Amino acid sequence: MSSWGNLLRISIFGESHGLGIGVVIDGLPAGRRIDFEAVSVQMTRRAPGQGSAVTPRREPDVPKVLSGLKDNVTTGAPLCCVIENTNVRSGDYSDISNTPRPSHADYAARERFGEACDMRGGGHFSGRLTAPLTFAGTVCRQILADYGVHIGGHLYSVGGVADTPFDPVNLSPALLDSLSLRNFAVINPSAETAMREHIEAARQSGDSAGGIIEAAAVNVKPGLGSPMFLGVENALASLLFGIPGVKGVEFGTGFGICGMRGSAANDAFIVDENNHITTATNHSGGIQGGISNGMPIIVRVAFKPTPSIALPQNTVSLDTQQETTVQIRGRHDPCIAVRAVPVVEAALAMGLLELYLRG
Amino acid sequence: MSSWGNLLRISIFGESHGLGIGVVIDGLPAGRRIDFEAVSVQMTRRAPGQGSAVTPRREPDVPKVLSGLKDNVTTGAPLCCVIENTNVRSGDYSDISNTPRPSHADYAARERFGEACDMRGGGHFSGRLTAPLTFAGTVCRQILADYGVHIGGHLYSVGGVADTPFDPVNLSPALLDSLSLRNFAVINPSAETAMREHIEAARQSGDSAGGIIEAAAVNVKPGLGSPMFLGVENALASLLFGIPGVKGVEFGTGFGICGMRGSAANDAFIVDENNHITTATNHSGGIQGGISNGMPIIVRVAFKPTPSIALPQNTVSLDTQQETTVQIRGRHDPCIAVRAVPVVEAALAMGLLELYLRG
Amino acid sequence: MSSWGNLLRISIFGESHGLGIGVVIDGLPAGRRIDFEAVSVQMTRRAPGQGSAVTPRREPDVPKVLSGLKDNVTTGAPLCCVIENTNVRSGDYSDISNTPRPSHADYAARERFGEACDMRGGGHFSGRLTAPLTFAGTVCRQILADYGVHIGGHLYSVGGVADTPFDPVNLSPALLDSLSLRNFAVINPSAETAMREHIEAARQSGDSAGGIIEAAAVNVKPGLGSPMFLGVENALASLLFGIPGVKGVEFGTGFGICGMRGSAANDAFIVDENNHITTATNHSGGIQGGISNGMPIIVRVAFKPTPSIALPQNTVSLDTQQETTVQIRGRHDPCIAVRAVPVVEAALAMGLLELYLRG
Amino acid sequence: MSSWGNLLRISIFGESHGLGIGVVIDGLPAGRRIDFEAVSVQMTRRAPGQGSAVTPRREPDVPKVLSGLKDNVTTGAPLCCVIENTNVRSGDYSDISNTPRPSHADYAARERFGEACDMRGGGHFSGRLTAPLTFAGTVCRQILADYGVHIGGHLYSVGGVADTPFDPVNLSPALLDSLSLRNFAVINPSAETAMREHIEAARQSGDSAGGIIEAAAVNVKPGLGSPMFLGVENALASLLFGIPGVKGVEFGTGFGICGMRGSAANDAFIVDENNHITTATNHSGGIQGGISNGMPIIVRVAFKPTPSIALPQNTVSLDTQQETTVQIRGRHDPCIAVRAVPVVEAALAMGLLELYLRG
């Protein structure tokens, strides 16, 4: 299903090549002013058309709010936002209904929905659906700001090129805020240069690159989340795996913790200079037993290389059940991770707001 | 919350030191015979007391079914299973209410629930709660077997010691079945020896070790799952992060795919010798766009080192807000990953059955 | 929340005086053709402007589908339908923000959402929100038709005037189909005349009238629904009480059964002329233990008199906390039950489809 | 499903003739002391064996709490309560697997679950399942008491005999409290005499009687509930229809409001002697637009006559598909409404606590 949450209920709709895409957000607290300039910043970060590292398609992605706001203030009623599809070239996708693109949803979706499935441009599985997700998450993030929460992310690595990782103990809200304004979000400027080169090299050879996004939320109150299946990790993972291209999610030191001994991996409790209880290290990524402990919440998300590449690829003709090749035309990001940073931030905000609303 | 699912609704209850633990499973199809010998095998795999790699506590963990079965056949009514707690030594945990154990849920849970929280032995956050989870998952697995699905897992790595990984393309049901009977589940026998040595070394130094479990399901029909937030990955991750100690979940090539180019990462469709459509590689782990494609579903789960170690650790006295140390007595596995293999398999079964029931 | 369901997830949005209202329907089976002429019939039945028994406002209520359909066939992706608000006169409602209208949601909603609540024209509580509900239910009804289910309703009574009630045992699909095309749905034509007179008399005195709608579904398979909280009655009631103005819901003989003895109230099983098992009477309304038994499902729904009346009414000024009066201008149905028949039918369809999809 | 709720998740299990029945309550706030004497009062009110108006079976119904409490205080972890079945006579029900009892769930359940369904004594559909429901509701009621909410109910009518109805405007907490201690809950003592005579007459002729329960909650804060599908009415109705034998639910003046004019039915706002905003009448039953307005919440629930009667009844042999008769032995209440008063109160408490927890 394309809906998520309980106190906060998010319902996303739309296809790449339909009239429009959008989202209904039910359960927003009333009386919160939405800053549409800040929304626009995030929509632009996610939108294509910002350089050769991303697709040359230009979509204005102007969110039109039909309900739930009065004078830009939430009324408590469901907020519906629609984004028109204005730049659709259906012809580019004529092949795919019969020859599923490798590592796209084409084949699996057809098994799921049959021939009625509309997979032009990826249909409802298109990365374009991250636009309403970004909108919804940005609204949530503004409400979380009232609780003091700051959220931001960066490209932890692209190909083999690594950015400076977050300091999981001393992670400043200011760093997250500044990253969250950047279209190519890295901490170390030289990493940007090297990552862009890596992506451009992939693009020029008709290929694509993967990447890892690291994101964080700071000033999250301790005691957020519930045991077992509604922990912070469960909630965030159930959202993050909804972003197209995600193949892995880890918190804190993540898979890296498996090679450590407990004496090194355990986060000792200390009393900090402000007499607050905190931890000396943060291998837990701010979450213990599924519940937040007040330390920065740290998550890393693995994005596969864009499956849409210009090189010809082997596939099967569904009509004839014979092997054949498919060549994907159209315009595609060589590295979806670049534009996915605001989407990951949005998912974090949605997940955390649901948990905050649970009190 | 400790409940999960919609068509299949699992509700887990109990604390380490209460009268009993258990699970209610609502939504099971009627008319399915439960093989309690096979259940017992999985309960035993999960149970402590199988050697020095695991805790010396011995708990019979006999599941008593109160409802939902008639002559061992499901009736369609909710199945409730209770497991008594018979081997409780409360005295062992007298320290922890005031001095939270590092990287345990003690501190976070207290922030969540206040002083009323019962954290003796980890309370509701205890690894012991994986017993009813294993029971529920094993019941689900037996029902999935009617659809032809086989599930199994192994210790992918412990410390730096790696087992032979699954072949993601040619993964035989027989291998999964045989792994799923083993208490120390590895493919390569020499890996077991090295892993046991690594764990024993940790134990002898009062420390603990982490590990990665790789699990798989084969013969899963293509077309399982729904877009965005009810994909196979979302469903499984929302369960897997409910297992104590899990810090990361990845599917297919997972984080490793981020360093690949699309031309290498994409799974080309081919026609196999039986004239079925399949893929030449399986970096997707059997899931594309959140939907199964018929290939083996592969997941890897990161378990942190057991946070309960014998060495003294730094913590804070909640009463005095002063730093102090805590030494954990009691009996604990030096590597929780070992006994977590059947738990991961159980979580897979629960997640997949929910999706199968959705049709 | 304005969303409902699990396998079928309906999310309704919009306010009376916003840009538009609509609904997202997630979980529709793929490959079903939607007949928009039939949809239009139901939208028109619900729409105002059909005579003096209903409000003279005319709203075209043309549903615009943004997603989820290709060539009018469901794709399996969420279907979003938007209806523009084109005939809004905000000035008519200037009083109500300070002087809550008796028996409207004004006061309760303000307590719920605070001053940010937008109650012009009833806001999100407006009867206008039954337009997307009717749309969604009509789509569901078309899918239910594939299972052979027929749904229809009529005005069981208005004021003291009663229509011929349904025969709960022999209820023909043809009768339901024909009622479901009528704007003023009664079985006995002379009842229409008397009801219209009753309503007109109320209108002319600046007042309003209540009514009871009886609706039914026939050819519903036996075995639909689940025990306790997901029975047919629970599911339908949880929807029906979402229609503005509903104060009671009863199934079968309903409250009337309380005065009967068991020997008269029990529905004896018989074998009918087609050798099918059926019941001689149908006091159960087709539902026993929450589960359908194959007999007609019969429900009656109590609608209160339109709270918007032309007569001056006592209320309180929220500013001054002093008693005062309010006079409601604007255009309102003297009897909302008349136009609510297709809405009740829609709710039935939504509820039954959710249960059918559960298998 | 036999589970309900989101913030509060109730999962009921058990069959009439299994080892035990019970409930898991997840989401209870931590730190609340449970008064088990008060629980016992409600369990006893519901339990059979209190005189000729109810069944002579005696079941101690002692709830045994396995988890979620420490020293009778909620810990925040799921609370599981088990009630053993100690007084089972399976032989009494040998007929019913082949000859479904009229107006019981036997036939419908068999269509739903097939032959595996265990319908001895009504199986999971048995009225006995109201014991854990009463337990859960009583726990919820104790927590609601911290918010000042009082809940109580009475037999509004049995057969043609009516009790004094609630005054919907001036309804004292003391009256509700005192009713909630009574096994035969009526306001007017002479009504009890007449009702008992009516029931006894039915019983002596091998028959049964129906009844209506009126229940109320006072001191409920205004602003409880959410629009459309999570209003107070939706939430309560979705629970109340889960009680065996319920065929109708109405709020405030209910079906009676349909014959009124708006000018009489509307609840004018007034300022009371304490300068609080209230309403002069309460036809709305404390709920407008689905949201509480601070007035007493009033609900009436229709219970059908006990379907288990001693008289022989017509039914069908499922084996032979021939008509036959069935005679129900065993011990049954001649009027289930009598013992259902605490069950209705329990359902109210569960529904209201879920809404309170939503904030």
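Should a chain be cited, it is by its letter among A, B, C and D, assigned in written order, with residues numbered from 1 in that chain.
Keep in mind that, in the parts below, a contact is a pair of C-beta atoms (placed from the backbone, for glycine too) under 8 Å apart; a residue touches a chain by one contact, two chains touch by 3 or more.
Quantities reported herein were computed from a predicted structural model and do not represent experimental measurements.
Distances between chain centres, each the mean of the C-alpha atoms, put C farthest from chain B. Of all residue numbers that take part in the contact between chain C and chain D, over half occur on both sides, making this a same-residue interface. Chain centres here are Cα means. That of chain A falls 39 Å from that of chain C.
Rounded to a whole number, the gap between the C-alpha centres of chain A and chain B is 26 angstrom.
We define each chain's centre as the mean of its Cα atoms; on that basis chain A and chain D are separated by 46 Å.
Annotation for chain B: residues touching 2 or more other chains are 1-3, 12, 27, 77, 109, 112-113, 124, 226-227. Here chain B touches chain A in the complex through residues 1-4, 12, 100, 102-105, 107-109, 111-113, 124-125, 129, 157-160, 202, 206-212, 221-231, 233-235, 237-239, 241-242, 244, 246-255, 257-263, 265-271, 275, 277, 279-280, 283-285, 287-294, 300, 302-309, 311, 313-316, 318, 321-323, 337, going by the rule given at the top.
Contacts from chain A toward chain D in the complex involve residues 6-7, 27, 77, 226-227, 357-359. Listing the residues of chain D that touch chain B in their complex gives 1-3, 9, 11-15, 18-22, 24, 26-27, 30-31, 64-68, 70, 73-80, 82, 109, 112-118, 123-124.
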